[in-house]
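Working notes, structure below.
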Amino acid sequence: MDLDQFTRSHFADASAAYEDAAYVIFGVPYDGTTSFRPGTRFGPRAIRELSFNFESYEPAAGIDLADVPLADIGDIEPARLPDLVALQVREVVADLARDGKFPILLGGEHTVTIGAVEALAPDCFVVCDAHLDLRDELYETPYSHGCVSRRVYDAGVTNIFIIGARSGCAEQYAFAGRVTLYTADEVRGRGITAILREIVAATAGKRTYLSIDADAVDCCETPGVGTPEPFGISTYDLREVVRTLAPQVVGFDYVEVCPIDAGQTAAVAAKLIREFIALRWKKEVVGGDQT
Amino acid sequence: MDLDQFTRSHFADASAAYEDAAYVIFGVPYDGTTSFRPGTRFGPRAIRELSFNFESYEPAAGIDLADVPLADIGDIEPARLPDLVALQVREVVADLARDGKFPILLGGEHTVTIGAVEALAPDCFVVCDAHLDLRDELYETPYSHGCVSRRVYDAGVTNIFIIGARSGCAEQYAFAGRVTLYTADEVRGRGITAILREIVAATAGKRTYLSIDADAVDCCETPGVGTPEPFGISTYDLREVVRTLAPQVVGFDYVEVCPIDAGQTAAVAAKLIREFIALRWKKEVVGGDQT
Amino acid sequence: MDLDQFTRSHFADASAAYEDAAYVIFGVPYDGTTSFRPGTRFGPRAIRELSFNFESYEPAAGIDLADVPLADIGDIEPARLPDLVALQVREVVADLARDGKFPILLGGEHTVTIGAVEALAPDCFVVCDAHLDLRDELYETPYSHGCVSRRVYDAGVTNIFIIGARSGCAEQYAFAGRVTLYTADEVRGRGITAILREIVAATAGKRTYLSIDADAVDCCETPGVGTPEPFGISTYDLREVVRTLAPQVVGFDYVEVCPIDAGQTAAVAAKLIREFIALRWKKEVVGGDQT
Amino acid sequence: MDLDQFTRSHFADASAAYEDAAYVIFGVPYDGTTSFRPGTRFGPRAIRELSFNFESYEPAAGIDLADVPLADIGDIEPARLPDLVALQVREVVADLARDGKFPILLGGEHTVTIGAVEALAPDCFVVCDAHLDLRDELYETPYSHGCVSRRVYDAGVTNIFIIGARSGCAEQYAFAGRVTLYTADEVRGRGITAILREIVAATAGKRTYLSIDADAVDCCETPGVGTPEPFGISTYDLREVVRTLAPQVVGFDYVEVCPIDAGQTAAVAAKLIREFIALRWKKEVVGGDQT
Amino acid sequence: MDLDQFTRSHFADASAAYEDAAYVIFGVPYDGTTSFRPGTRFGPRAIRELSFNFESYEPAAGIDLADVPLADIGDIEPARLPDLVALQVREVVADLARDGKFPILLGGEHTVTIGAVEALAPDCFVVCDAHLDLRDELYETPYSHGCVSRRVYDAGVTNIFIIGARSGCAEQYAFAGRVTLYTADEVRGRGITAILREIVAATAGKRTYLSIDADAVDCCETPGVGTPEPFGISTYDLREVVRTLAPQVVGFDYVEVCPIDAGQTAAVAAKLIREFIALRWKKEVVGGDQT
Amino acid sequence: MDLDQFTRSHFADASAAYEDAAYVIFGVPYDGTTSFRPGTRFGPRAIRELSFNFESYEPAAGIDLADVPLADIGDIEPARLPDLVALQVREVVADLARDGKFPILLGGEHTVTIGAVEALAPDCFVVCDAHLDLRDELYETPYSHGCVSRRVYDAGVTNIFIIGARSGCAEQYAFAGRVTLYTADEVRGRGITAILREIVAATAGKRTYLSIDADAVDCCETPGVGTPEPFGISTYDLREVVRTLAPQVVGFDYVEVCPIDAGQTAAVAAKLIREFIALRWKKEVVGGDQT
């Protein structure tokens, strides 16, 4: 891994050197295909800033993040053409995988997920998102934030679970028949616990990637996103997803934070990334295998 | 030159010509009597801007708004004296009624509702509002945002249902005995479904007008309003009101959006106006009569 | 010149002279030790501004605040060294106690609470806070917003009830064994009513001080605070605390409002302070003794 | 309790009681007829807040404002109909004149000036403004911010000097032939000193009122106004106007500050009001007569 | 229904139908390759909004814009790949040229200029810009805001005049030897009048395109741009450019307005576009031929 | 130097390792004694963010910053008591001096300068500031942003040159007799060149420290400061100070940037720091003395 390609800046308590790290955070400040409101390029910066709002000790796990081998290698400098950005991310994540690191990607728009999934080639893809992201193309490019789950599907990862969606064109809703869709209303109606039980059962023993598009959450709770949708899942639902899947996934990203609010969207992101790492580390430390 | 490739600023998917439209949106950017925080004059603009955040397809109705005969004729240029604004709105809505159009009014402060109700002379008035709006006069004028439901009452529409109120002086609470009041705490306690059942029963077969003052919702969910009140109804309660009453009302307005937040208040407004139109159109298309 | 036609900037309806007042509001615009985001010095101003957003009549109590002997004596000009600020507050609250006034303190950062508790020397301390505030020292000073409950404990007020906490280092969680801790998740799980029942039983007949750190509430509801934490208690939980304890406490403060949001955090503060006063006054007027 | 240790929100150093004051500040937080951007109702609050940014000592005059008999009596609660607001201001200023006080009015929109001029009936009216304000009516009302200088003219004060104007309809430019107009470009070309020499000569021995519409200044220097115009006079030009005319005018207002910027517009206002008072007091103290 | 009473969102006073228009405004809300701060996609909207801040009468020209055959056809919906955006613009401007309309393009980032120049194939290119924009490629794409003047040069329009530049890499400064560069310091030192005299002489009788990148102006005057540079030309310099060249150019754009300030940057843009149109129309009306 | 005490983040093009660096940037995000508006703790972050707005090539010097041995070691974590912060800074700067590095300090409030001057013990102190900063104590502490120049004087550096001041109490103006004061009006009147000639003459051959308090500049140009003052020096004056003194000073800081504006204040800071470094490096490289 050539660390010179990254700019410095860091997530709180990410004090390990790259060589010693088990978890590696990096950012992709890209928002070149955004539909509604740009600014997700500032997502990595905002999440890092808010990460300093929290104590290093995570009470949910009983873990102090300062004790975790966590590195933050900074941001890549993204290209402006989205297919090239996907390529950049793919190479970084492939490098991380080769070096035995667990990748934690901070977006940037959702497009950045594509390269990470391509690099890891998981069996399953769990995504929290207000949008189906199943378009084949948007605004003349197939590498768009509106095509993420479709690109993942086309990459052969057809075992897709979408949580919290409530927006898409008729064609996307039709295509959604090929994946497992839990709409936000369904999450609200059935409860996230029941849904996660199904997902855990379906992904047991399989290599799974977890992608969180911040707009999955109701925009009245976390308005700092590029394409805000009301009537979403709650931050508690999202926390349950993270707590449940953290110990078992092979890759993780948190994208689409657009810091135009009072910081609450980035605060939720930073907090859940911290819980993700602490809970995962706790499991590794206390034993039990890990996917 | 093919002019269809250009967007004009309007509500998203409002692509019909006035002549062909069944639904007509117009705005009244007026905030001349505001008490606390001005800026509701920018409400129509904000709602329109946020309307482009959404897909044209409304999954709740299975309707694509691009298929609905919907026109947006823009904003009137309001006078500065509130009684004249009421008059302006009355004339516009009367014209719309004469032309057989369903009016959808975007405020602006709540005062703009008065003229619409006067023009349509409905039997019943259902209003979601944090405030009783039952003053006879406020700051030396009877045409004030604090007198809306009172003006409606005085216009002979005494069959009034107020949902979500939690603010008023003692005199207004006394006057509220003449109308049906569901406070926000009562909505929270009994559930909006039970309350809507009562309202539907009471308004069955009657011409009903629906007015949504955005401050009905808890200001911690949607802070972008002129007079923010905490401890309100939820956006889900409001959605239930819209979904239930959309098919049966004769006029509709959404007022008091003051876009000083990160867009969530206008996002809820735009989304609910979209659902209102889609659900209503669905009913008209699939048959069944309409109030 | 009739000076009564003019408003001076103060808390709305605080129309009594100091001599005639039973309740006295004052502000401490201090934010000198803030960790994450400064600006709580503007908390008193913001709470006062938002207080004018509300009707003088409080429907929950059936009391018009204009009828309550309430004074707002303004802000002290705080020193810059936090130990001196604590001293300033202690002297003001001691003066108020000597004059038979009930003190209502508007922060500023939580540090300002220390002096008030020292002056009143209550038996019990009930605090709503996202943070344990049990550090012995933070950033080289023991008079820090991160040490408030610890200073209270060290001042001999060891009967401490913390509601809503979800952040602290391991040492603070260890120390928390000496106090009664209701975490935010516990409030969410058991319900605030059950918890308040315990607190009321434990504090019965004892002199109790109530301190509200605005960050107790989930930052997705009220993001305008200095150290925003998600996954907190709700505004409804906080209202229940205020409604339950208002009639019985000997001192009250509302701190850590940092007005960088659309006003919702200050709106909740102003509303709850109004309810606090109205409910307490109602009890005094209708009889029954008071701690 | 020593109440003097507390600050009440007012203009900094306005420490005199009304009875003892020679200068009396009051605010009119009215913005009911605003054309472009509302918010001038927050002008008085912003100017007062920024006034605390400055030392009490004014080096230009060698005067400490704390030594000047200056009172701030707060804001009137304005009506919502602009003709009533003019009436309110007229009565306040008439009261002040009767009590022998020099009035300093903080707007609010420019409409508030009308009542002050009516009350004082000066011989001359000097106004700094980007706009001619010579319309006979705007948006259906003659009491509008666009009609100020015209109302003054119609009130018989035809000796009008407009400094910095660069906007008006053709009719207003025609009407401007009856007054003395120094456009912003002329100020820039000839220099403010030469122009002020003419004005001082023309108003010598006459009772003159000075009104400053904050938008006279180039909006790239002070963007916090209701109707921002580039290519205006500079803050230095405005300071020269204030320094030159302060000792001789009979009434003074500073209006149209709309605090949506980083505070610079209110900072200029507060600073110039402070210089106005200090320079005028210096002249009164050191002798010399005063108009 | 009289639809003329409603405003559609467009540039103020752009009341002509496309068929009747001599001047046609359109927007390209594209910011896909922005380096520093996104948001220029909101430039067209902001300029239009601010355009309503001004009187329809332009005193500099003695022309009322309402009398000018001016149309605003709205915004194109841009692709996300910058080379496609250039293509879109080229086709629109070619259509406008074919229809005999004078094009006025509102950006959007500077990249949008490329297509307009390609369509019009002028002899000369005059650009006000803080940046040389002479890179051959930036972030993996030759169609970037950092390559505008280079693309123009490569398109054969080598007669380029850059006014106000103060930023570029060494390679760009080397390439600048092939064009005529007037740095901001040179403008300040020699005066814009002398420089314009040279440009007018050099472009006499030639078909010239004028492109204004808003960041040419000092960012302390107009900070609302994507890549703010201090030590720039003044708004007065820019006005002089517009006033001088308006009557003679064959195409005009105003780009890179990023509305994150208090509106001053868009106010300058709207004002100068209005002056451009008014002055040009004045010349056409009073006679004299036009390039 | 223990680099672990610093948090990472960096100034653009600061690519050297500490060991190899000739210039070392570090930040002190402290705003504990701020009078008016807090937030200068975010100054270092803002200056660094804006530093990426600029090309690495500095045309004024013909130097590419990427070629300069420049390191950014990040921010210290400041204490909350201002005397301790002064101590922290003193130790860092002493370490830098011992290691032969040229220190460039990013504030934070002006208080941070004290420790740097104490560490370097220069012969002369040149400070650009709106304020005299000559108080002996402010708000109960002698280590305050209002006492900086006084602390420097008391540390024995009595050869002080204050440029741009326009605010202070009478006592400070009296004390100013012991230093050389060039008020903002004098800079405007005489021109900065003449004044700098005097300063250069007076400091020739002496070890001089240069401190820039961002509020020296007129707040209408750069409003993002803690205590904004209009009628200041221009950014061009400040550039002249930097260009003139850069080659000869022994220490440099840029303080009091409070990023609440659209970025222009931090843009000026970042640009001038870049010019400072480039011009100084140019001289070191080409050798020879300086004007």
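A, B, C, D, E and F label the chains in the order they appear, each numbered from 1.
Throughout what follows, a contact is a pair of C-beta atoms (placed from the backbone, for glycine too) under 8 Å apart; a residue touches a chain by one contact, two chains touch by 3 or more.
Everything quoted here is computed from the prediction, not taken from an experiment.
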{"item": "Count of contact steps on the shortest path from subunit B to subunit C", "value": "1"}
{"item": "Contact-richer chain pair (by C-beta pairs counted) among E-F and B-D", "value": "E-F"}
{"item": "Equivalent interface to B-C, taken from A-E, A-C or C-F so that over half of the residue contact pairs match", "value": "A-C"}
{"item": "Cα-centroid distance, subunit A relative to subunit B, in whole angstrom", "value": "37"}
{"item": "Chain centre separation in whole Å, for subunit E relative to subunit B (CA means)", "value": "40"}
{"item": "For subunit A paired with subunit D, centre-to-centre distance based on mean C-alpha positions, whole Å", "value": "55"}
{"item": "Multi-partner residues of subunit E (at least 2 other chains)", "value": "77, 221, 261"}
{"item": "Partner subunit E, residues of subunit A touching it in the complex", "value": "31-34, 38-39, 41, 77-82, 84, 138-141, 144"}
{"item": "Subunit F - residues contacting subunit D, complex", "value": "35-37, 166-170, 173, 183, 218-221, 223-224, 227-231, 260-261"}
{"item": "In the complex with subunit B, residue positions of subunit C that touch it", "value": "50, 52-57, 59, 64, 221-222, 235-236, 239, 261-264, 267-268, 271"}
